């Protein structure tokens, strides 16, 4: 363990600085990104990240050295210019923001590339280090760099906390926010400024080309696990920090590996995991839900069939396989399986001559029959549907209606006794007269 | 006579939440028909289902007694104005000529005859002088008239229009209304989604009152009773909207397997 | 500097800008951004397998990743309800990151480096020459592919003009008369991916975006009809690449970067001029 610790260079205080520093910076970016995600402005981060290249290269060219403070200033200036240019285009023309972003992003980045080649031609001593701003090189971070970036990150964090309420409001309810006196205009500008800072602080560790991932992906992941903003922020921050640390560690272990791509790969891994397994919208969970629904439907259909048979043939009767199948089409296999399942649940009993409902099964069968007939009545009374049209949809709704919906139905229909086909609606206790 | 549109037990959802419940009605041929109801009552959804732009959860629709694909050339659809970007580089004539496109003719040439038809359609909506104007330089009413001209150029028998009177100036409204009456007199069927109760009664011969379910469908004077209007505009049925939310949340099928009708 | 490099740049700029026009008209400009990043892993993988660049294999690999990108964007949007732009952002950053890792991991085998991914190698590719079919001209290696790509783009544009027009302008109406929106959507994105891939090596990821989006957006500002917009698009693409090319040589800086910047300046100038002549403007 200690050997691993050593090989990763974690015994050096410098490395620890780097790791915790990038974790903190990434978390701040993800927090800002959560708000842009909710306001559906995710790609603004990408545009700004590309747009700041002239600032980074320019400050290097002017100062002749790779100094975090100068670079930060250059980045911020060009970040704001990017925002302004996008706004200018959308205000002056009919082009949509996404088009404006693509225009500014590529033109500014082109300008940045001109400056970069200029730097390479100039033969400045630090020139090769500039590569790290494109794809990120966390290992190249000095404690003093981290300090500079962290100061800006802190400023962003303070602004975020100070305006937490209005940003939240605008994110979730634009119209409401306006009526409460929060101007979407102002908070939009504030958010753009925050995105500029959030993008600029990450350029050395993750690189400006992939910076957008840190703003977008943690927020999208968090959204898949939670609906509440506070939880989302905690999750997004945590995910960003973890990805930053593990991405940096992986990149340290290989030679000349940039950090940014690895951080993005870790993020994507977590994203893919969430797509499959999230409790909220995960594919696996939804497949399970579908299977469960199918089982409930089959089970309830069988109970209902048995209940109907009992209505027709008397309480003592036991029913054979064939009788059940005649009442309702089940495939041989399905019927076997469902009967077995219900038997284990003790909802049906197997007698000498066939199957019959247990006390509990009877209640359940009665409940489903009741829901079916109630819904038919509801359709014909409240929705004016003709009697020959109501059966199919009642067939599926009977499985969905919950207890309190049933109560509401009963109340609205005033505890009826007969369904539209003049069949009795069965109650557990005698119906209210 | 076969009805122009025959809707059977149609249930349709938007993002898995049912917005139309078990709609079952018929629209006669040769009439001005209004689909009327409050906002969010599923009017546009119904039109999109008729046009095959959405797949229903259950039920089916016949047009002139046939499936849509067989009679598509006899049906014309006028979507809401907001469905296009009016800054698109096209002039009025470009848009009206689209009425002459069809999947088979996508690669052929636009003929002299097509152009004449487009010109005639434009003059019927009093827009001929604007033929070469860019579409962003039209008023709301003029944009709507361009859409209707495109629809006329299709030479269909059944026209479905989504809120053609919204954001339209008085002159355009009159022009459109006169045109609709003229179309009816020529034996065409026009179905119009309309949200304004004030005017619905005087505009339409046949009205379908909708509020996520069909409240009534029939001759205007039969449908425009205070009871029925109260029912359509008196709010949503809470049981219906609650069960709709449950269906969406739990991914429940609206029709059980093996139960689908054609 | 070699005239072929300039001609090559012009040809690439024509196919990119024409293919991009329909993305811009559909308000899907950022999809150009996404595709141009997403094809990188396809290029690298195909290169690792076939062992050479500029082969059909490389083209196939990149096209596969272009479509994978479009598919994933739709998938995350529909099935997992990620917002539209976030879905684009997640997909292309991940694919691009994967590509960069491959590039740095196999730097020795793959004749690509991080630098080339951004700047392209239009000048470098000019060093390797071949005969242009049926002629005596010695042209850069990748030149032939670029020419055929341009031909393909023009062909699709001419044959599919009406389908592209109607589905871009009014998808709902188009499908109401029985035209498949899906087909035309995938055709236009497919052409865009193909063009991206062919141009990527020569001009790099960023200039591809600039070429796809900026000339047509500039043309849109001052066009009344689609044909007019398309020919103005080609004009802006040509003037931008010629001016950018000579400026880059004069300043001795990145050609791709300079062309992108010049395209941006062109756009800004048109937008400003259009504003100051408002009474004569078209929109």
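A, B and C are the chain letters, set down in written order, and residue numbers restart from 1 in every chain.
Everything below uses one rule, namely that a residue touches a chain if its C-beta (ideal position, glycine included) is under 8 Å from a C-beta of that chain, and two chains touch if they have at least 3 such contacts.
If you're wondering where the values come from, they're calculated on a predicted model, not measured in any experiment.
Hopping across touching chains, the smallest step count from chain A to chain C is 1. Distances from each chain's CA mean to the overall CA mean are smallest for chain A. Chain centres here are C-alpha means, and the one lying farthest from chain A is B.
Centre-to-centre separation between chain A and chain C, using Cα means, comes to 31 Å. Centroids of chain A and chain B (each the mean of its C-alpha atoms) stand 36 Å apart. With centres defined as mean CA coordinates, chain C is found 39 Å away from chain B.
Among all residues of chain B, those that touch two or more other chains are 85, 87, 136. Counting only residues that touch two or more partner chains, chain C has 27, 220, 283.
With touch defined as above, residues shared between interfaces to two or more other chains in chain A number as follows: 94. Listed in rising order, the residues of chain C touching chain B in the complex are 25, 27, 159-160, 162-163, 165-166, 168-170, 172-173, 175-180, 220, 223-226, 228-229, 282-283.
Only residues 37, 40-43, 45-46, 50, 89, 92-96, 98-99, 101-118, 121, 131, 134-135, 209-210, 212-213, 215-217, 219-220, 223-224, 254, 256-258, 260-262, 264-265, 267-268, 271, 275, 281, 283 of chain A touch chain C when the two sit together in their complex. For chain C in complex with chain A, the residues that touch the partner chain are 24, 27-30, 32-33, 76, 79-90, 93-94, 96-98, 100-101, 104-105, 107, 114-115, 118-119, 206-207, 209-210, 213-214, 217, 220-221, 248, 251-254, 256-265, 267, 271, 274-275, 283.
Per the touch definition, chain B reaches chain A in the complex via residues 9, 11, 21-22, 24, 58, 85, 87, 136, 213-216, 237-239, 242-243, 246-247, 250-259, 261. Against chain C, in their complex, chain B makes its touches with residues 51-53, 69, 72, 75-77, 79, 83-85, 87-91, 94-95, 98, 101-103, 106-107, 134, 136-137, 150, 154.
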